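Look for subunit A in each of the two complexes below; its partner is subunit B in the first and subunit C in the second.
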Partner chain A sequence: MEIGLNHYLVLSTILFSIGLVGVMRRKNLLMLFFATEILLNSVNISFAAISHYYGDLTGQMFAFFVIAIAASEVAVGLGLLIVWHKKHNSIDLDTMSMMRG
Partner chain B sequence: MFEAIAFYLFAFLTISMFYITVTTSQALYALTALAAGMIFISAFFFILGADFLGAVQIVVYSGAVMALYAFGMMFFDTTREVKEKQGNKAIIFGLGTISAVLIVLIFAAPLVSGNAEALFPMTPGAGNTQEVGMVLFTKYLVPFEVAAVMLLVAMISGIVLAGKKMDLSLTLMNEDEIREMRREENKKVLS
Partner chain C sequence: MELFLYTALFAPLVGSLFAALFGASPRTKIAGIVPSILLGVSLISSTVLLVLVLITGHTVHVEMMTWMATGDLYIPFGFIVDQVSVTMMMVVTLVSTVVHVYAIGYMNHDKGFNRFFAWLSAFVFSMMVLVMSDNFAGLFIGWEGVGLCSWGLIGFWYHKESATWAANEAFIMNRIADLGMLIGIFLIYWNTGTLQYDGAFAAMPALTPETLTWIGIFLFIGAMGKSAQFPLHTWLADAMEGPTPVSALIHAATMVTAGVYLVVRSNELYSLIPHVGLFIASLGAFVAIFAASMALVNRDIKRVIAYSTLSQLGYMFVAAGLGAYWVALFHLMAHAFFKALLFLGAGNVMHAMDSELDPFKMGGLGKTMKGTMIMMTLASVALAGIYPLAGFFSKDLILEVAMIEHHYIIYSVLLFTAGLTAFYSFRIVALIFHGEERYKLFGFHPHEAYKFMLVAMSPLLFLAVIAGSFKMTYFEMVTYILPATEYHVHNPAIYWIMTIGTQIFVIISIYYAYKIYMSRDIKVPDGTSKMEKSFAYKLLINQYYIPYFYEECFVKPYRELSTLCWTKIDQKIVDASVDGIAKAFYATGENTRAMQSGNLSTMLKWMVAGTVALLSLAVVFGLAARYSGEIKVILSGLGV
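Right after this comes the complex of A and B.
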């Protein structure tokens, strides 16, 4: 059986919806970051698949930039998380509903 | 044939790993499941012929990002459970699926209509790494440099946010203040 572009797009959709469900139901901020990683990775799969099936390298380039953005997002996000945890001693999302430091 | 077997095997493994990441209540389980899922995703890149991307995926995600998360988890009390609010599950699952399908439709629409053309076609006879280098350092040089600056900014902000006493600047303080600060630090160490 031949594996086509649609297979990869369907897989990417499934992974993306798993990540979205994670973003919506998690209250622990660390788990929220994990879910965003899942979202970025599912998009990377579809980029690589389109790049392969159309014989074009642009998809792979975008995947590289997505990886770079994910790495910097983790660095800044974890720094902010540590500052918040020092101040309030919790990483619960519900404690952040007020935008006060 | 082997491609199909590999695709279905790794698809099953990736989906189950990410499902564990999303549903488990233990932070450590979620971390290890996420690392495993990242490595399984790199298998798709190898199947698709994007060797360099697969190697970068393994190095960056399971090397750098997971190590960063592991360091970050040392600051938190991960054994304590954060209570997950149980909202209406049907709404959450429905919204997630609908928005995912919408996003894929948006991206697939130009493909279906047949307007997509290869901007940078792959050169025959060159390996994947060579091709990536050729395109990245000619057409995508400016975004590459911007990404490098962005990573530098992220590194500095990470140091400033996570480090201690980063709100003090030694260059803006005069000698007496610095001496005073040193003395207080020594007192803290001795006591």
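Right after this comes the complex of A and C.
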């Protein structure tokens, strides 16, 4: 069976759903980061697949941007995470409620 | 010449603003003196204009600036000084200058001294706008301005419940009439396309008689309110709650005569509709006798003079209604002088008696207040119309007009009223200045007013005595623009019988007044005498029960209706719906507040939920748009 665009899109959707569930369910901040990475990469897959399908490089270029931005986001996020852990000795999401209105 | 016009018009405004600057500060003499001087300047400018108009016969007409210009509507701020308006300007500036100077003394001890002059000068400015405007819109502005200032001055002592009530009554009564006047002005604009006097009156002969009649009636309704004609007359007597200089200036000499001025100004209109004129004259005659009868028994000197004003306004409307416009204007002028004088005299008496107004508690004041006594007696003689004082020339002329126009009923009513006028005028003079010194029983210590107040009053006294001798000069002046009908009884025998008969009748009335009220038997009425129990007395002292009638038939039902609207409509419907909207927002906020727990995990869940909701909406609408054709078919199949 030939692997076509639809297969990639289905994979992307499945990954996106997994990421979404992770974002909603995980209480560990580190796990939350993993979940966001899954979300971003699911989108990257569909970008690359669609770009290949149309023979247009724009989508793949976009995927590179996404990877670059995801890397920097993780760098900043992990830095903050370490600071937070040093200060509070925990990275549990439920303890982060300083923004309560 | 325009300089004089603008000076005459705007000097009172400057004075008013100047006094208003001191409105919140304690009493300062300068807030009274500067407006008085500025009014003097206005008086001099008016005199210059009068001399100019008198000698050259030219009129001054200026257009200061455009006020409204939209489409066909063009109303400028235009002012005209012609023979009629210059007469009114002289009356207004002269009486107000006298009253201003007098009021410096009269209001000397009042806390609201500065505020008083701000209002009083503002009134003069509005009155000048009213008489000098060259179009109906400007006239209306002045008309409302004097109404507003009158409200402020009647209710000047606003801590008194009765004063604020009287102020509101005057204001509301005038609003009712002003609606009529406004309708009249709209009709003029619709039918002639302009509000300028010259243009509007020039277009009027071409209109149908019905239209003209309606215009005439509605304008006269406005005049009825301002000049307190029946049935809108009750406010004038109550307006006596204001300070006495206000009564002298506004409720005797100037504002209440604005209605007469309006009819005189619209003479070209009223000449075309003599049947409305006849109605005006009949109503005037009725008001003359109606008001005079109430003045017979009243026990408040200011109210007696107020009823007398009402009665004299009736005379003026008789003259104006019968087409003798110049006679009406002449009586207006003469009346302004002697009636203002009477009021200012009454003010002196009030001051002497610590604001006591019941003449039965006075008596014998002539010994301490000689100057005031002479002035009030002469003013009363002038009012009664004894030769050679002003009233003889102006008031008896109105009687002659009625005679010559063959309205014998009006003539007899007016003649009888002349007797009543003399009687009630001298009733209060006798009660105040002659007879037993009853005030001693009540522990009053009367004293004469300040010298300068008497000096300030003297120009009015002088004019009240000699105004009659201007009659022919005046006649030649105003008949440039008013119909020049001379009223002479051609048969000399009838003329002399009429004149001498009237004089004798009036003198007999005066004699009776003195005889009854100078006697030693006069006591302060206590409601036990036979006269006070009679029906006629009760009818008159209660003003024919008209105020009670208004109270029961209009004020109370209206108040109940208002209460109903307030509790049922305003509170239950309007307030409830507005509050309901606010409460809905508040409750939503209260209930959804829990969402903002500050927990990142929860917030992320909400974010995802929101995204899903928006996406599903987008999908639903997208599908609906795509398959709209099929959906329509299905819906029509369901019979929608």
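Assume the second predicted complex is superposed on the first by the 99 of 101 C-alpha atoms of A that agree within 3 Å, B and C clash if a C-alpha of one lies under 4 Å from a C-alpha of the other, contacts with A are read in each partner's own complex, and residues count from 1 in each chain.
In this section, contacts are C-beta pairs under 8 Å (C-beta built on N, C-alpha and C of every residue); 3 or more make two chains touch, one makes a residue touch a chain.
Computed from a prediction, not measured in an experiment: that's the story for all the values here.
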item	value
Subunit B versus subunit C as contact partner of A:D56, first or second or both or neither	first
Partner chain in contact with A:V76 - subunit B first, subunit C second, else both or neither	first
Partner chain(s) touched by A:L20 [first = subunit B, second = subunit C, both, neither]	both
Residue contacts on subunit A - larger count, subunit B or subunit C	B
Which of subunit B and subunit C A:M98 touches, first, second, both or neither	second
Overlap of the subunit B and subunit C footprints on subunit A, listed as residue numbers	20, 24, 26-27, 94
Sites on subunit B touched by subunit A in the complex	1, 3-4, 7, 11, 14-15, 18-19, 21-22, 27, 30-31, 34, 37-38, 41, 44-45, 48-50, 52-53, 56-57, 60-61, 64-65, 68-69, 71-73, 75-76, 78, 82-85, 87, 89, 92-93, 95-97, 99-101, 103-104, 107-108, 111, 116, 118-122, 131-132, 135-136, 140, 143, 147, 150-151, 153-155, 157-162
Touch list for subunit A against partner subunit C, complex	20, 23-24, 26-27, 93-94, 96-101
Complex contacts: residues of subunit A adjacent to subunit B	1-3, 5, 7-9, 11-22, 24-28, 30-31, 33-35, 37-38, 41, 44-46, 48-52, 54-58, 60-61, 63-65, 67-76, 78-83, 85, 90-92, 94
List of subunit C residues in touch with subunit A within their complex	593, 596-601, 604-605, 608
